[in-house]
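We just call them A, B and C in the order they show up, numbering each chain from 1.
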């Protein structure tokens, strides 16, 4: 299943529209390309809702939310919903931030296929949190498991909680991914990248399988990259190489091990 | 000729004002520095038309066009034209996008020295296209050769069409560059980078020679980088190293081979 | 002293709010993470002054100043001042630029703990300069030593002037750092990164020690990175690895040698 999703992304090269944090825009685009999909990043109200028509999936990430992004995101998500294009909500740093916190709640009405965040973000979005610190979590996924379950039931979205042990649930089924590496937390944009990979996979598979495959893909690639790295800089470079190189069946075996 | 242009960029270190896509701003700036030139990236209406006065060349790239960029670009290109500063138009993703498509046509009135794009973008700008997919082309340069020729005659600009076989024409002379590597399409920002290198070369040479030298420089550096790379991540790093290291005479010989 | 500051950053992992140039946002965030601190990059007027409440230090860098940044920066710096949160002003490209030049002067009223720039920027801010070229300096730190001294006395800030020989003064004490490598000038964002490291250090030490430790940290890491690099691309990757790996005591010994 995981292997089929990865192979399908590489074969079909879906166009993934990414409305994502300025801080990691470049890395997210490179990761989408390394995975075999194709990125598109325009975020303005004037262009993004039109350009999403060409996309096979959409990522909405609220990190470093610009004025352009805040204006363009709601209309683009609404258009994706109308078109039946699957979209992923990554509610980066909800909680303290006064614009993105209500925006994230509003976006739930446009029915994301997947909601992806760290434990603090998922707790906040579910109304049970008390804030992370910036984009960092102060909780582990297990603490957000109940909230993730309730959020999935309430929104009909798959909810993916990233951390040392990633949790994915649609309110009925749940899976965990234990692969990964601590260096993922020492470089910018790996959460955004997981959101973009999830969108790429959602273009070719159902949302639960997509979230599972994307998480496994990134986590196994991170293990390979860490083996080739001398620190966070070379890890980031090697992560792109590994996203491109990793064998789909190896991802499936290692993610389930 | 190619060797002389590259050597002149490294010797004179022209200041290249880049109004370029947010997604690849950092890579473009690093590539300009690696090539031996110097980048400047401010795009607002309040500052860009003033700062372009210090520049030796200007790049206008319409990828991920922000509200700041849409406001600042026309006045900055107009100012460059008044100053006689050579400027390069990179009409990224024209076609579907509702703001940048008419903007690109309007900018032609400010007389770019070089228009650089992929085949779909050149076809669209020439009025003959039916749209790429985001920033990707759905055509090869040969299909855009006639449109490139007509566009060059109509605008008095050099037109450079990138692809597996790059074509460059001023409406009278034409050259092709066959060097390059498929990994150029697996990382973000190589088109933007080619635009910036073209601007750097246009600061020290006539537009036709500049487009030819910049294309050869990037394509030969890409071949060297691919030889040192394990995937798209390490390719991108090695591409910067190769832009700095490659011998100008080797570029000339290998580009013409 | 230097060693203690570096060790404290790694131990306490301060949250550093960075309002920084779009061109190097990603590298700055990665450098902050590599150093052991944590970055936060939101710049809008709506969110940045609220989010700075969670931060342990603030960097305000005026490079590629966006409309969002120009709106959000004054209120965020004012809020940091009210909270007693140390903040660093990096007046990138002041001089020619018509918005950031008066903005930088205005921001001095919000009492930055450290002002960090190249020689041309410090000369301009002190009212003695005639402009750099974009973000580049046309002066060496020694030429700005007197202006730096006067600026420190007038603003009660530590003033750090970067260059081949970095100068740091609070108007009474002065130190120089001779470590470093010319490749620091061949990649984008090393000045912004020095500002962010200075902010990280100012979260755990007094401003003079912070500026000294951050300068030494970056310069010694650059020497290690240059030894591992084949050009500017691999230097940049190795610089992140070295920021993470370098021993605090080695930084202190080598910076003072």
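Methods note: a residue touches a chain if its C-beta (ideal position, glycine included) is under 8 Å from a C-beta of that chain, and two chains touch if they have at least 3 such contacts.
Quick caveat, the model's predicted, so the values are computed rather than measured.
Looking at chain B and chain C, the chains in contact with each of them are A. One copy, chain A, sits rotated relative to the other, chain B; on C-alpha atoms the angle is 120 degrees to the nearest 5.
Annotation: 32 Å between the Cα-based centres of chain A and chain C. Among all residues of chain B, those that touch two or more other chains are 22, 25-26, 66-67, 236-237. Residues 21-27, 63-67, 70, 93, 96-100, 133-136, 186-189, 229-234, 236-237 of chain B are the ones touching chain A in the complex.
Chain C contributes residues 15, 17, 22, 25-26, 29-30, 33-34, 38-44, 46-47, 50-51, 53-55, 66-68, 228, 236-242, 244-245 to its touches with chain A in the complex.
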